[in-house]
Structures are given as structure tokens and as C-alpha cells.
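Below, chain A partners chain B and then partners chain C, in two separate complexes.
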Partner chain A sequence: MRLRFLLFSLWLAVFAGACAHAAVAVVIVSSERSPAYVEAAEALVSELERGGLSRYDMLQLTALEWAAAGPLAPKLFIALGTEAASALAKSELRAPVLSTLLPRSSFERVLRKSGRKSSSQFSALYLDQPLSRQLELIRLALPTARRVGVLWGPESQAQAPALKTLAQASGLDLIEATVGHDELLFSSLKSVLEDADLLLAVADPQLYNSSSIQNILLASFRAKVPLVAFSPAYVRAGALLALHVTPTQIGLQAATIARGVLLGKALSANPIYSLDFSVTVNEHVARSLGLTLDADALRARLRSREGLL
Partner chain B sequence: MNYSFRLIALLGWTSLAAAQTPESVSEKDFLGDMPIVLSVSRLPQRLDETPGAVTILDRNMIRLSGARDVADLLRLVPGFQTSTSFETVAPLASYHGGFDSYSNRIQVLIDGRSAYSPYFIGSIGPGLQTVALEDIERIEVLRGSNSAAYGARAMLGVINIVTRHTVDTLGQQAALTGGENGIRDSQARIGWGKEDATYRLTVDRRADGGLVGSNGHNQISRINFRADLHPNVTDEIQLRAGSLEIDAGKGKPLNIDDPLRESFFGSGYAQLDWRRSLGEDEDVAVSLSHTEETYRDTFPYSLIPLGINDSINIEGSGRASNDTLSLQHTFRHGEALRVVWGGEVRREEVVSKPLYNTDAAFVTEFSRLFANAEWRLARDLVLNAGSMFEHSSVSGDSFAPRLMLNWHVAQGQTLRAGVSKAFRPPSTFEQYSNIRYFWNGHLLAVNTQASGKVQPESVRARELGYLGDFPWLGLNLDVRAFHEQISGFIRQQNTTPRDYANDEDFAIQGLEYQLKWQPWRDSQLMFNQTYTDINSSDQGSALAAPKLTSSITLFQKLPGGLDLSLMHQDSGTVTLQGANFRDQVAMTRTDLRLGLPLRFGPNRGELALVVQNLGVPYQDFSPHFQFQRRAFVTLRVEN
Partner chain C sequence: MKMVDIRTRMLLAALLPVTLIAILLSGVFLASRFGDLGEAYSQRARSLARQLATASEYGLFSDNITHLQTIANGALRESDVRSVAIVNAQGDVLVFAGKAGFNPPPVLTRQEDEKFDPVKRTDLLLQPVTASQVKLDDLFEVNAAGAEAPSPLLGHVLIEFSRDALFQRERDMLLLGLAVTLACLLFAGFLAVRLGRGVIHPILRVSRIIERIGRGELSARATVLPGDPLRDLQQGLNLMAERLESGRDELEQRVAMATLELRQKKEEAETATLAKSRFLAAASHDLRQPTHALGMFVARLAQLPHDAQTSQLIGNLEASVQALQDLLDGLLDISRLEAKAVQVQLRPFALAELFDQLQHGLAISAVEKGLLLRVRPTAVWVMSDPALLHRILLNLVVNALRYTRQGSVLLACRVAADDQHVRIEVWDSGIGIAPEHHEAIFKEFYQVGNTERDRGKGLGLGLNIVERTAQLLGHRLQMHSTLGAGTRFSLLVPLVPLGAAMAVPSPQPVETFNNLAGLVVLVVEDDALAREGLVSLLKSWGYVVGVADGLSAALSQLEAGLIPDVIVSDYRLRDDENGIETIRQLRTKAGWLIPACLMSGDTDAGLMQAAKDASLTLLHKPVRPAKLRSLIRRLAADVQASGADLV
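Showing the complex of A and B:
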């Protein structure tokens, strides 16, 4: 009851805001109002406020509210999440759109479906981490590992050629297996775990989901092949470590980009990966595997490799 | 066998596969939650933080060893004495002394279920034969007293056999072995299932002609079933069932007290395990199991020497069973403390008219409460403190505490020191045996009559350990110095009739180490030595373990993927398990194995040649029995 009242007041505030500020500078459209989106939006809004923008210059909507909203003419649209990006892609907008809090393949799907191309009018800040950074982290965290196991599924397979090239350049061998549509991943997983020193998870909901993760983590732990994952939730579940960007980090970088646009700079025509990132380590798993890993030190070393410190 | 089939029928429904509609990648994959999988009890302690010395024999090592059963494999573990004889039901393995023809001072667990046989004076021999070698993921040998965690029978050590997860054994696999000494082994396995339910059924047979000079024609037949079910993300259910049959010839020619004859040992088990994860730092597990054993051994004894033109049957037949229910709670408190605590109730029943002169069942009920804490006092200091309180309906209460401190002196360098106390209550036989021979209702003789005065024997173990890891040298060292003070050692008395009593106090002390070295690519060299000194006043017990044993093992991958294994064992003078103190022999044995990996289409396999004991025959179990060279070939295929 209290929640409903709160949501209603929120809606009222937004609605009132929309009416009062038909000419807001930034419109932020979130796919939904669940914690990660709220966290990213909060970071974005506070950072913009810190840069001198007033809260009244910004308008926050969900994708659903956006569909019902009247015409708006801000200087920049920011989409948080795939659904929001998709909704904005379908609209005729005068201002540039920055899509963020979505992975690269989702953004590319949005482009394909809307017939758009990425440009300074429609660009993105990705949520997933570049493969090169993931390989660099592997080299830092597991220096003796040479054979990187990867499972490819229908959604992730497109990244296979890129990873192959990068792995070769870093002196790493790929132990790959492809899991077809509706195929069980057991046999592919088994063959990869037999030869690999670690398993690098590349997001693909057919392979990595809440019902398959148990078998994957248990099998890889039995084979003493640690899982290097793409989100902190996997680390909590039992992956050795993950490279990821937090919603706050995304919000902050989106704010920096937004400030540039408000100052007259164009959006980068090519979508970009996040500059900042986090490393999460499951210390219990590390200890059990006889490893000592320090997440902060790994992040710092990775940043300095990229010239960020 | 019944258990397995009944269970499979029961599971015929399989479970419904989680209908997962494949979606596209989105931010949900990166931001969504995941169930906790590697919760606290699933993460084993690191070898340099365990409260004692641990040797792990993994699947690869098991394959490369060429061993045909677990007992033979344990030769590779420092401090072990083994035999291949079936004279006392099944091949034996004991740690720090084979004090008699059975091995009853160490515990054997198969996936957490005790396979210690309560029949006779207690033995782990048949338990070691429970599962096919092909189904074993690894064997963890906890060298040293471990009653604080595993109860009274872990007085000197624990053999923890972990079978392969059914997810890892999907598909079909089969193996055939044939060779000298009548070796004819066969094994077949099938694994099936879906993401949330996987199953395995393995059937195997192991047969050979036994030791030269023995009435050997031994055959072990097994069937084992395992199911792993994940009804949801927090629960895990495992079902296991199986049966074991050992048909062995025993006895000696022209020996009226131990004539040539056939013996049979059969056992069956069913086990249900349920584990629920209560979060990252906490889970609970419940385990329920039932085991049954049958033993048949009978021979006619001529009464002509007594002036009677007839014969009587001398028998050791009977049956035993046990039921166990255990509950375990594991939790982590902050970064520094991890605790496992729980309880167990166990009921054992032994029935044997020939051994106890009654048809009544001897029931022993055990209740156990245990707690073990791993406390990280500092970054480089781990204290393992634990204890078990055990109540036996027959021999009363006992309390087995243990304290062990592991200090990581430097990266890869660990020192360990600790003390523990443990008890072994007398077995039903040692307590109640009453072997009488009758003819036509007349009592002819009383062979054994236990006075029942025997008390639990105890051990106070002190140890110092060192674990060194030198990755730049490819070298790894595990040293254990031990002093195991045994009090009230239970021994058969040379009285008429025979009895058991708490005989003497003595100490087993010594040092054992294992050096693992990777001198060059694709090779592994292991060197073990054990110095043991048993200061028993009994000459036989004093040499129940040799003063010095050494073994060296080389595994080398050759060009073409060929696996070469060379194993040499040199064991000092020891009292043979099935003989008396006058029969003391030393032995050397060298084994060779060559394995050729095979690949045809999606199928893989191996063709292996094993030659056991390349040198001269050595005496095993009895001075009349010899282990001669045995060469055999194994073909294994799987898809």
C-alpha cells in the first residue's frame, strides 16, 4: 500500500515535472525501475547535478511512461537498458540518444530492428566488458593459465572470431566448444573442462542461466577449472572472479558524456566500452583452489595497464 | 542388486527438465541474481589447512597406476600396508600396522557412508571393494587419527572414496581386461539424464586366480547406481544404491583346520542425501543409509581323530546390517570462522549362530555429536579445533577431541602441529564371541568365549607436519612425524577358550614423507618413504608395519600420447597379516604400465598393458602364498 502510494507520488512528480519542464535538457528513459536501473540513474543524475545541472533540467521516465509521454525536446536522451533503447530507437527524435546499461549485442539488435546505424545521433556506452580487457585480467590473475576454455552458444558465437584473434595476440590458446540450439551443454562443457585451465564465461542466456549455473560451477570446480565470469552474481554463486562495470560506474560515465553533449560536443559515432570497471573475487573459492587474489590490486593493475592511473 | 533395480524403477519417471526458453542477451544477464552454488560445505579445505596429513589419489593417478582395486592402490600412500589376498574376505589395507588378519582401526567412507564392516572384529576390506574403480573421482586418504570428525573407527586414519558426479559420466563406457593368472575383468557403465536430474548405472566384475599357493579363484561382482537431482536451485538430492558379491576360494591344501573351500560375502546398500543451501555461508545436509552384509563360510571337520567316525560343520557364517541417520550444519561466521557440527545415530546388528552360539541379534546403538571449527587466527595461522562425543549402547561414552594448528610460514610453506585423542570400542565379536562345536548335542569344544570385559582401546596422537610447495622447481613435499600412543590395545589372548583383552600399551612413532616432482614436461615423479617404529612387546605387532618402506613412481607422457608408468616399492621386514610373528618377510615389487590413448570418431578410449611385479614372486598374507608376475591388457572405450 505504502509502495503504491510512493509510486503514485513518484508518477505525479514525474508528470508534474514533465508539464513544468517541457524543455528539459536531458531525458532519461529506464527500461524499468528495478534496483540496478535506479542505481545507474541516481549516479547519473547526481553527477550531472554536481556538474551544475538542476534536477529540474532532467526528466526520468520508464519505457512505459515514455510511450505515453507527450513531445519532448531535450538536448540529449539517455536510455538505460535494452527496452528503453528499443523504445527510443522507434521514435523520431531530434536530439542524440545515448543507450547504456545494455550489452553490445543488445545494442546491435536494437540497431538491426530499427534499421538504424550507430552514429553521433544514436550511440552507446556498453555494459559488457571488452574481450581484450577480460584476457588481460586473466593474464594478471592467473599468470600460469595458458588454455582458455570458452563455450559458445547461439547468442555469443558472433564473438568467437574476435576472441580468437585477441587470444592469439596474447599468447593464449582457446579451447572452444559450441552448444547448438536446444542442445544440452554437458558434453561440450566436459570436453572444454578436460583441456582448459580456466573457463571464460561469455554471456549467453541459453548457456549461462540460473538453472544451468549449478552444473557448470560444480563441474568446473570438480575439474579444478575456475570460472571467470561477467557479473558479481556469478562470483557470489561460486565463480572465481568477474570483470564487470557497476551501474554506478555506468551512470557516472554516462554523466560525463552527457555534460560533453550539453557543452556542444557530438556523441562518439562508434559505441564505446566503459572506461571504469570493477573486479570481484570469491575469496573462499580462491582459497580452496590454492590461489591468493586481491580484487582491488587486480583492478588497479588492469587500470594502469590501460593508462588509467 | 535389488536395491539398485528398485530405485531405478522408482526413478523411471525421471524429472521434468526445466523448460528454459532461450532468450537474447540483455542487461539482465549482467545484472540478474544467481543462486549460490559453491556454498560453504561444497568448498573443501586447502590441503595446507586441513587438520592432518591428506594424500589424494585422483582419477588420473588411479588410471595410471594400473591397480585393479582400491586396496592395491593404497600401496602408493605413505604409511600403508596392503595385501591382495582374499583369505579374510577381501584384500586388506591398513595404516601404521596390519596387526591382524582384518583391518579395523581405520574408517572407510564411500560418498560419506561408512562401509566399515561390523562383522568379525570389524574390517574395511569389503568396504574398499564397494564401487568400480572407473566410478571413483578421487580417494582422499586422511593419514592420522580423525575420530574428532569421523567417529571411533577413524582411530588411525580415514579412507574417503568420492565417486564421480553423474554429470561427468553421461554416455556409455565399457572396459575389458584379460591376462595372466586368470585375470578377467569387465565393466560397463551408462549415464543419462537432463540438467536437473542425472543418473548412472555401473556393472562390473573383477576376477583372477589369486595368489599362487592359495585356493584363489576370486570374483567380485558389483552393481552401483547413483542419481543426482536438483529439484530447485537450493536443494540437492542424491540417491545411491548398490550391491557387492565376493566369491572367493580360501583355505590351504591338506590343512584340516583351514581346508580348501568356497566363501561368499555379499552386501547391499541404499543411501539418500539431501543438502539445502541456506545462503552463501550456510547449509544443512541430511543423510540416511542402510547397509546389509551376509557372510557364508563353512567346512566339514572330521572327528576321526577324536575316535568318532563322523564330521561336524565349522562355520563363520552370519549377517550384519546397519542404519545411519546423520544431520550436518555448516556455516561461516565472518572471514575467520567456519564451523561444521551435527549429529548421527547409527544402529548396527550382527547375527551369527556359529560365532555367538545364539540366534539373537547383537545390537549396538551409537549416537554421536560432533563439532569442528576452522578458525583463522591470523592471515597465516589456522586453528582446527574439533571433537566428537560418542555414546555406544554397549561400551558407554567416549570423547575424542583434536587440536591442530597450521602456520603458513611463507608462501607455499606450511608447518602443522597438533594433538588428538581417539577410542575404538570393541567389536561385537571381541565383546561377545562364543564359538562352540557340538556333535549330536554334545559339546565337543569351546573355541572362543569372550569374557566381555574388554574396554575400548584408545590412542593419543601427536604430530608435526610440513608442506612445502616450490613451483619454480616443480616440487612439492609433504612430511608427517607422528607419535601414536595406544593404550589398552585389544588383542586375542592365547587362552583356551580364546578371549579378547586390553593387552598392552605401546607407541607407533615415525616419520613419513611424500615428494612430488615434475622434473620435466609431461612427467610426474613421486617418492615416498615411511619409517615406523612400533614398540610393542609382542614380536608380531612390533613388525606389523615395516621399519622402512620406500616407493618411487614415475608417470611419463611419451610421444604419440603414450602413457608410461613405472612403480617400484621396497618394503622392509613385516609380519604377514595372516601369519604369526615367525613369518616375517620383506618384499619388493615393480609394476609397469603402458597406455595408448585411442580416438575413433566421437569415441575415446585406451589400450593399456600392465605388468605387476616384474621381479621375483613375493610372499603375501601367508608364507605359503606368493604374488607372481601378472601381465594383463585393458581395453577401455567411452563416448
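Showing the complex of A and C:
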């Protein structure tokens, strides 16, 4: 039995080596090999394996390796991260491309730059969370908050009308400010913080980045306005809570989609948001604001609201 | 000087290394401390600037002027901070705190910068303020360019630091260092002096002892102290001093003994000389009286008519008496010279007179011997005592005549080479003196080739008198003689310039001898024989003679009506009377200053002085009749010339 397994494994290895490039079903291109991408890729590969796909049907490359690789003919390309997405976008491919582990603004930028349109051949699974889910979490976590402050940057401004609609539907007031290119952030932030009960951060690297986050958090803390962010890193830096999807969750969902594509199903023409999500709470900040929040409970309630359970 | 030298050297030896080390260490430590201070200062400044930058990050981000002003004011409270400025990214000065006169902000970069103003002594530190980075490691953080943007520059913090305090601290430290160095040196100097004293003092002590020993203080001893570093040296010194002292003492003792012996010998010799002199004096005195009388008698005898045979006998008698008298005169001269009773009376006078006298006095005796006495005329004046010089020359010429059997005797003078002296020479063509006798001839009673002591050849006193007299006058006497070829004596006498000589009055004209027959002479003489001889002689000269054997007799004579023209008195009279007193009383009695002369057989210097004090001429016995006669004549002539003075 043991011997047979060994012989089988040996055969598999020889076979895989012989037709590694020729007969892969899925090519996974990662922007880099940082932990988040590795985690997502690992979840994706494991899930596909669990679904019956051999590990040799999948080829993992980084964006740099992709540029050097020869012609491939898989059934699906999965791009992990913005860089990988833009690299694939530049290539003429006969298989559909699923871009994932990238925020919506990045995907839209990739589309703009490559002149593509979102289609079943080039679709995305967004990293950021739908605005409705975010508003829902706000209502769950901070029931007394009415006025939601939002800063719009050049890359996020497009979502402003959608949020406005959603807010009105949820009975929340939006306190908005727009920060243009090379404009100082603080005056807008100040005006928002003066009136808002909380600040909802929308992913826009022009506004929220490692240089600015400290001062934004400081300003919001001084104004006693909690920040609701889109990444656990912000929570670690001092945001009250964040609604986000983990790389594993993304990987799992991407695997599900890939399985469908391999079975002959087309990609959704419109990019989709992740189904699963996580909530992270900074309990120190919550305590200093006089709040008691339980991340798991919040996630569970949010999931039940969305009927996911 | 030596003391100072040793002390200075000790001090130098102790202080020089200490000074060098102190200066070196102070220098090294000060330099290192200055470096530390400067380092600390700049680190503090930079760290303050960084703190300020961090603190003002949010203020700059939020444009919170109040906040920034608080920060700036707070920074100003730090020492050394002169001014603080916070500039935003656009270069606008948002906040300024501190003293005015801040330079406009220079071009701002992302680099930390530091500018030193040497005039104001300030450092301007530029610290860029950037937003602090929070690592998000986020999938969202990819900007449009696709590359990570550098952290945005929020602004700058400019701090002006003053170095005054730093300089002040450095100065304080320098002063402290100097003070410590100085204190070290003082302490080292104190120690050197204290420790050096332990060495210097013994050295000085030893050197003082050596100095004392060097001065001849051989009893000086170093005190040997138990802990003395120079103990051995001092002990050695003491030993040396002891040896020196004992050696010297021994030497002194020997010298003292030798001196004592010498003194004893000398005293013996002096005693012997004294005895001789006493004997001579006594003998001459005892001889004088009879010789004196004999002379008188012979002179009187010669005046009487005699037959030829008797006359010849009398002539011989006279010659014998003459020789006796010469001997006594010579002895008298010697004793006077020995007693230093001869008074030298130097005066300028013409030598020609002296020569004339000698020629006149001696020509006859020369002719009698068949010799030619030549006296070369001269016009020089000399500075001397004419009487003493006369005696010297007389002796020399007489000697020359005596020792020359044939030929001539020459008396001459010539000016010496130095123009200051005149050399008087007496030449003879006599027998000469052998070289072995040259020194001895000047001794008393020494005669060459007269062992039988022939009277006719003199007594041997002449040259002795000549030598002594020449010494007394300070005239150099020389003798050149060759046996059988004659002798030459020369005497060096100071010359008197002719002009000075002329000023001296010429001697009084030779007195005219009046006929003094009938002159009354009072003779006071206690010796009967001498009195008899003198009286008969005086009577033979035609004088009226009064005779007394003492004062009372003489006074009686005056009372009896005798009026003497001249008194001739013996000095030593009976009953302790003396001639001087007698003459005085007689003069008092007579009421006028009777001319008088003294006669004495004593050659005592005291008597000569007493006679001189009393202005009385002293004739020494035996008195030559001719001399007496000439004296009486002179005394009488004086009375006639000046008249009788009242007492």
C-alpha cells in the first residue's frame, strides 16, 4: 500500500514535470510573495484541491515570473493583487481573468489603464466591502450615530453618489468632504470631524496611507470621533473597528468561482464583493470611547442580517 | 648664593616634572571634557530639534498655530535656546518664539542641517518635520503611481541655539582646570620645600661648617644628628677638623718653643751687648777725667820753654794724648750714635765750604806724610747735615791718608746719573782692602793688617762711625777696593737745585778773634786734678780764672766780688749738685745771663738733652784745649756782640 503510494507519487511528479506548462487548468499570478498573498493563494489552492483538482493543474507565479513565462493555455487566470491584475490586463489572453485581493478603486484603475471593460473575460472579486454592509455594521456597532463623516479622494469619489443613496435609505446623514489632488487633507478632515459622529474611511491611498493615518487617527481621536476602517491594520493603528475580508476568505471564494469556471460557468461580468467578511475591534479605543464591542458578535449579527449565517 | 642655588635646583627638580605632568594631564582632560561638552551640546541640540519636530508634526498637520506656539514656547524654556521657528511645507513661518533678529529661513530640504554663526555664536538647527510612518502592510495601500511615495514633508523646525552657555562652561572648566593645576603645583612646591629641607639643611649645615673651618676656625664641629642623611659626611668632616686642629696645635707649640728659644738667645745677646756698652761707657768715663787733666797739663807743659830733647818728649807726649783723645772721641761718637742722641738737621748748603774746611784741616798732615791731598773744587749744593757730613768725610779722608804710603788722596764730587744726587768720592792710592774684608771693615775696632794695634794706624772706629752716620743721614755709602791698587769710597747725597740753594743765607762770617786777655772765667770743678789742669791752661791763655769746687764755693766767689765773663762748669759735682743747676743759680745770683758751658765725662743721652734744654754747650771730657779755647772765645764774643741780657 505504502509502496504503491510512493510509486504513484513518483509518477505524478514525473508527469507534472513533463507537462507542467502544457496542461495547467488554473494559473495563479500573485503580485508578490508577502504573507497576505501567500495566505490567499494557499486558501485558493487548498480549496481547489479539495474540489478534486490536482495541484499540478495549477501554476503559481509572481507578476515578475509571469512577464518571463512562456505562452500558457489554462482555463482560468487568477490575479492576486493589483500588480498581478494589471500585468494580466496587459496580456492578450484566451482564458478569462479573475482579479481578486484588490480594492475596487484599484481594479477600476487597472481597467482604465488597459482600456478594458469589466466582462466575463475580465472580472474581479473586490477586497473592499460593499458600502451597504459598512453602513449596516455602523448601525449595529454604533446605534446612536447618525451623522457619518466621509472623506472622498480622487480615487474614491466615484462611490459618493452610491453611498449617499444608501445612507438616505438607512436613515443616516452623510457629512462629506472632498480632498483634491495635492490638497491638504486636514481642513477637510477638520470640517468633517466637527459635525460627524463617526468617520467612515473609504479605501483611497491618496487619503489613507501609512503617512497620513497617524495624524488622521490623532485628529479623530481628539475630536472624539471614532474611525471605522476597511482593514485590520487600521484597527491596530487606532481605528475603532474595521469591516474587512481576510485573504483566506477571499481565496476560498475565488476557489469557488474558479471551480464554476472550470465546470463551464462563465465569470460574472460585473465585479463582485466578497460574501464572507470579518470584523475587527480595537478594544482599547472602544473602552476609551466608552463603548463595548464584540467583534465576533458583530460579525454574526451582520451575517444574519445578510441571511448568510 | 650657594644656598639659593641648591634650593632653587631642588625646587626645580621636584616641580618641573610635576608641572609638566599637571599641564599635560590638565590639557588632555580639558580637551576631552571640551570635546564631551561640545558633543553633548550638539547632541542635545539635535535631539531637542528632533523632539520638537515630532511634537510639532500634528500641529503642522492640523495647522494648529496655538498648539505649535505652545510647543515653541516650551522649547524656548530649554537652556541655550535663543529662538524657535516652525515653518510649514510652503516655507511660511507659522510660529516664532524667542529673541528677534531671526534670519529668514534658508532653502529648506528634507535633510537635517546645522549652521553656525560665528558672530552671534549661535547654531541654527534645521529639522524637517515629516509625518510619522505607521506600517500598515495593507493590500489597499497602492497609490496611483504604483510606487510608494515618500513620507510627505509637513514643515520645518528651526531652532537657534546659543553657544554662550557652552563657552561659559568651557571657560569655567578651564578656570577650574587651571586652579586645580595651580593648587597641585603649590602643593607640590610645598612638599618639595618641606622634603627638600631635610636634605638642604644638612648640606647647608655642612657647608657652613666647612666655611668656618676654611676661615681657620678649626674648633668648629658638625652636630651629628641620628636621622641625618649626611651623617657619614659630617662625621668625616669632624674627623678631618680634629686632625687639622691637633696638627695645627702641635705646630703652634713647636713654633712657640722655637720662638722662646730664639728670644732667650736674643736676650742673652742683648744682655751681652748691654754689658759691653756699659763696660765701654764706664771705662770711657773713668778714662776721661785723667785724660782730660793730662791733656790740660801737656798743653800747659808745651807752653813752657824747654830744651830740644824735652820738647821732643813733650811732642811725643802730645801725640799720645792726642791718640787717647781720638779714641775717646770715637767711642763717644759711637755711643752717641748708638743712643740715637745725634740730631740730624738737614739743610741745604754749599759743598765747597765743606771741602775747603777739609782741605785746610788735613793738608798739613798730608804733607807731613808726603802725600798729595787733592780736593776738586765744586759748586754744588747738597741737602744734608753739614756737621755730620763733615764728620763722615773727615773720617774717610783721614782713613785714606792713613792707609796710603805714597801717592795722593782725592776728594771729589760729581752729579749722579739721575740729576737728583751728587756722588762724593774719596780716592786713595793706598794698600787697598782684600775682598774678604769688605764687609768686616765697617765693624767696630776692626782693622785690616793691624793685629799689633799700632796706635798710629788709628783705632778702627772710623768706618763704623762713617757707616752709622751715613745710615742716619740716609746717604748710601759704597766702597770699591782692590788690594794694592787703592780704595774708593763714594757717598750719595741729595742734590739741591741751584735756585733753591741761593735763598739760604750764607753762614755767619767768621768771627774776629779779639784779644781776650783778662777775660774772667769761673771754673767749677770738683775733681782737683782736672781743676788744676784746666785752671793752669786757662791762665796760660791770659784769662783771669776764678775757681770753685762746688756751688757754694762759686757763690762765695761771686759774693767776694768776682764778676765772671764765662762760667765753665763740670756737670757732675759733689753732693748731687750738677753743673746746670749751679750755672742757673750763679746767673740768678749775678743777675745776668752769664755765658756758660758744661763739661762732662758722661756720654749719657739724658745729659745731652738736658744740656740742650738749658741752652748750654756740652763739652765731653777729655776736652781738647783748642776746642775749649775756641768755645770760650765764641761765648765771650757773643756777650760782646749782644750785650748782657738780664735774667
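Throughout what follows, the second predicted complex is superposed on the first by the 288 of 309 C-alpha atoms of A that agree within 3 Å, B and C clash if a C-alpha of one lies under 4 Å from a C-alpha of the other, contacts with A are read in each partner's own complex, and residues count from 1 in each chain.
Here, a contact is a pair of C-beta atoms (placed from the backbone, for glycine too) under 8 Å apart; a residue touches a chain by one contact, two chains touch by 3 or more.
Nothing here was measured: the structure is a model prediction, and the numbers come from that model.
Undergrad: Overlaying on chain A: chain B and chain C, fit or clash?
TA: They clash: once the shared chain is superposed, the two partners overlap in space.
Undergrad: Does chain B (first) or chain C (second) touch A:Leu127, or do both, or does neither?
TA: Both chain B and chain C are touched by A:Leu127.
Undergrad: Answer with first, second, both or neither: which of chain B and chain C does A:Ser30 touch in the superposed model?
TA: A:Ser30 sits against neither chain B nor chain C.
Undergrad: Could you tell me if A:Gln159 is touching chain B, chain C, both of them or neither one (first, second, both, neither)?
TA: neither
Undergrad: Answer with first, second, both or neither: which of chain B and chain C does A:Ala219 touch in the superposed model?
TA: Both: A:Ala219 reaches chain B and chain C.
Undergrad: Could you let me know whether more residues of chain A are touched by chain B or by chain C?
TA: Of chain B and chain C, more residues of chain A lie in contact with B.
Undergrad: So in the superposed three-chain picture, is A:Arg109 touching just chain B, just chain C, both, or none of them (first/second/both/neither)?
TA: both
Undergrad: Tell me which of 3-11, 57-65 or 165-173 in chain C produces the clash with chain B after alignment on chain A.
TA: 57-65
Undergrad: What part of chain A is shared between its chain B contacts and its chain C contacts?
TA: 36, 81-82, 101-103, 106, 109, 127-128, 154-155, 184, 186-187, 190, 203, 205-206, 208-215, 218-219, 230-231, 233-234, 237, 247
Undergrad: For chain A, which residues are in contact with chain C within the complex?
TA: Against chain C, the touching part of chain A is residues 34-36, 81-83, 101-103, 106, 109, 127-128, 154-155, 184, 186-187, 190, 203, 205-206, 208-215, 218-219, 230-231, 233-234, 237, 247.
Undergrad: Which stretch or stretches of chain A touch chain B in the complex?
TA: 31, 36, 81-82, 101-103, 105-106, 109, 127-128, 153-156, 181-182, 184, 186-187, 190, 203-206, 208-215, 217-219, 221-222, 230-231, 233-234, 236-238, 244, 247, 282-285, 287-288, 290
Undergrad: Would you pull the chain C residues touching chain A in the complex into a rising list?
TA: Residues 57-58, 61-63, 130-144, 146, 149, 151-152 of chain C touch chain A in their complex.
Undergrad: Once bound in the complex, which stretches of chain B touch chain A?
TA: Against chain A, chain B makes touches at 18, 20, 22-40, 42-48, 137, 165, 167-168, 170-171, 194-196, 230, 233, 280, 332, 335.
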